[in-house]
């Protein structure tokens, strides 16, 4: 005999309510699985996040792009794109207390061994924490939908990522030269750092019709010597304003043909600074820079 | 030549003064010895002569002028001090080592003058180290090293020579040789002042002995006056007897078995 | 030291510099190097030799000279073969001075060595003060221990500065602290050379005083030397040398430790000969170490301080054993 006939009306109603409550509490204890983050942990979110601390400028950009700006309650000290959002300190080995003071329900970090401790402490405090590695172009397509889902609007995240991808693809589809422009990208002066295969900048450069002088190295930002650059003889040098200044001052750079022949291009560091939502514009910017160069 | 007048001296932060009311003089042509137990202030006196410690009371005089009135260089031209122990970190030749004794006489770039060379040669001859001039200082035996240091002091060309425990690490032969050298120097007119433990040798060679006890002069005078059993026993706090050695005709100190004796 | 040895030292130094100018990621024949030095040769070779390698080699030589002379002088003063600016906290103080200077924006090549010198002199004052407080006025062992303590303090101060520095600059600061000739602009080469020349000239001027000081406190006082004043002066001159090298090339250790020992092993006696020989040897050592640093792990560059340590530590252990065996 069905349960409800046996129990009668009142007890039945009570039982249904109790069951409903039980189901709800189960849902809020566990939530639906959101993602397996880059630390390998399965992260669950019960309800859309309303107070988000973003410790990675890329994720901050994405959250703003999907319209979640008001939900941001914390950013890193170096993330000046959302100046009105409270500054909670460093993004690497973050100050957990400063983060907790913002009473977030979601914290997003950069995936790195240095942040493992912070992740564990935040989770122990009951806060949903996700760690993403954002190094390459494809990472945006991975991260944006998750962030979208976290605020209850997954399609927005997908749209943002797709738009960036489309822009990059359109830049890549433009007519190309016979051979890619060999570019040395000056990232940092002391130590002398450039981009290797592991960096999104190398990918953007390739989309723009160039290639990194050191794309034989796997690391994202390998250290190299000036002599090696001289030996490899790049067609062009790309640098930020500070880097271009350092190149101008240092007599050793004159040994590089591209410097002697005036082919040092200044890139807009605001555009290319991170693998975020402006990557499409960055690729277009690079393409324009390279187009203007007459390669011997 | 060297005169202490009611000299009082205290190490910084010390409760007791290291020297108090010390008065004596060391004259040219004489060998004067300062003796006394450990901690009686013997080495402190040498440090005062070196200008390392300033007197609290009294004064030190050198050749008629207060020590403080002379520049260190001036003092070094008149008075040479051979410290108790010396171990240069880096070896050099004996000749160069002795030549450093001419430092008070030259300027920063003063080359070696004929006078310098003569002084070095004379000093080396006097101290009997001519055969060692080409050797390295880290290759010398204890006795040779001692004589080389005395040679350097002699090269300074002064009229007074002060030695702090010159025979502390020497064997009998070298000890005697050292005392004989000092004695000869005194005979030649040098004012020789020596700090020593070796009461018996001091008694044989010194013209004047100053016995220090807890920073004060306990006795001062010719060896026969100072080397007395009662005085020495009180100062050294050990049973002893002073006899006369028939072989050398000088007072000899003989310590007796002490309190722990059977 | 005999004349043939001096000639050998100079010859080896020139050979090392020529090698450093010729070798690298772009190997150049020696003949081309000589031509390029005097303005000839093709554009690229000229640019590599004159613009890229020459300032670096010259800076390296001057840095080596300064460090070696500083070490030789400190060893005479402290009567200890373990003394050298890095281990005595002098270089550490210079680094603190330089870091503060960068923070305040005073990075001009003329000013940075001075700021470093202020830091180094500060470290010296601390060392002398700690030694005096511990009871030994100019006792070498006290000075050495005080030097180690002050050096540790300076390292801590730099760590604090790094902890509060912007994220991106930490790597640059650490790189600088490990020593590199990468910043070899001509203005840097000129100013570091000027300070090293001044410091070196002062030490050579005081050579005789150093010899007397090396005899020991009491012996030196007996010879009429003002021990306190001479010790202070030598420390300051040695600090100026160390500070100039730190400002130009970061922290490089062991050159001041190892090179004077080699100079003495070659027969240098007396402060002037030791400092002079150490100068040539030190320059040679750093030039060669830099050659290794920029070619050993191509395309990356090793920190210069790491190379000198890799050479310096085994050498020192070997000398330590030889001394113990004697």
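By letter and in written order, the chains are A, B and C; residue numbering begins at 1 in each of them.
Just so it is clear, a contact is a pair of C-beta atoms (placed from the backbone, for glycine too) under 8 Å apart; a residue touches a chain by one contact, two chains touch by 3 or more.
Note that the structure is a prediction, hence the values are computed from the model and not measured.
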Where chain B and chain C overlap in contact partners, by chain label: none
Chain whose mean Cα position lies farthest from chain A: B
Geometric centre distance via CA averages, chain C-chain A, whole Å: 44
Chain centre separation (chain A, chain B; CA means) in Å: 82
Chain B contact footprint on chain C (complex, rising order): 75-76, 79-81, 205-209, 211-212, 214-219, 221-226, 264, 269-270, 274
Chain A-touching residues of chain C, taken from the complex the two chains share: 24-26, 43-44, 47-48, 50-53, 55-56, 166-168, 171-172, 175-176, 180, 182-186, 294, 298-301
For the chain B and chain C complex, residues of the former touching the latter: 47, 50-52, 71-77, 80-84, 86-93, 96, 100-101, 103-104, 106, 108-109, 153, 156
Residues on chain A engaged by chain C in the complex (per definition of touch): 78, 90-92, 188-192, 214, 217, 222-228, 230-231, 249-257, 260
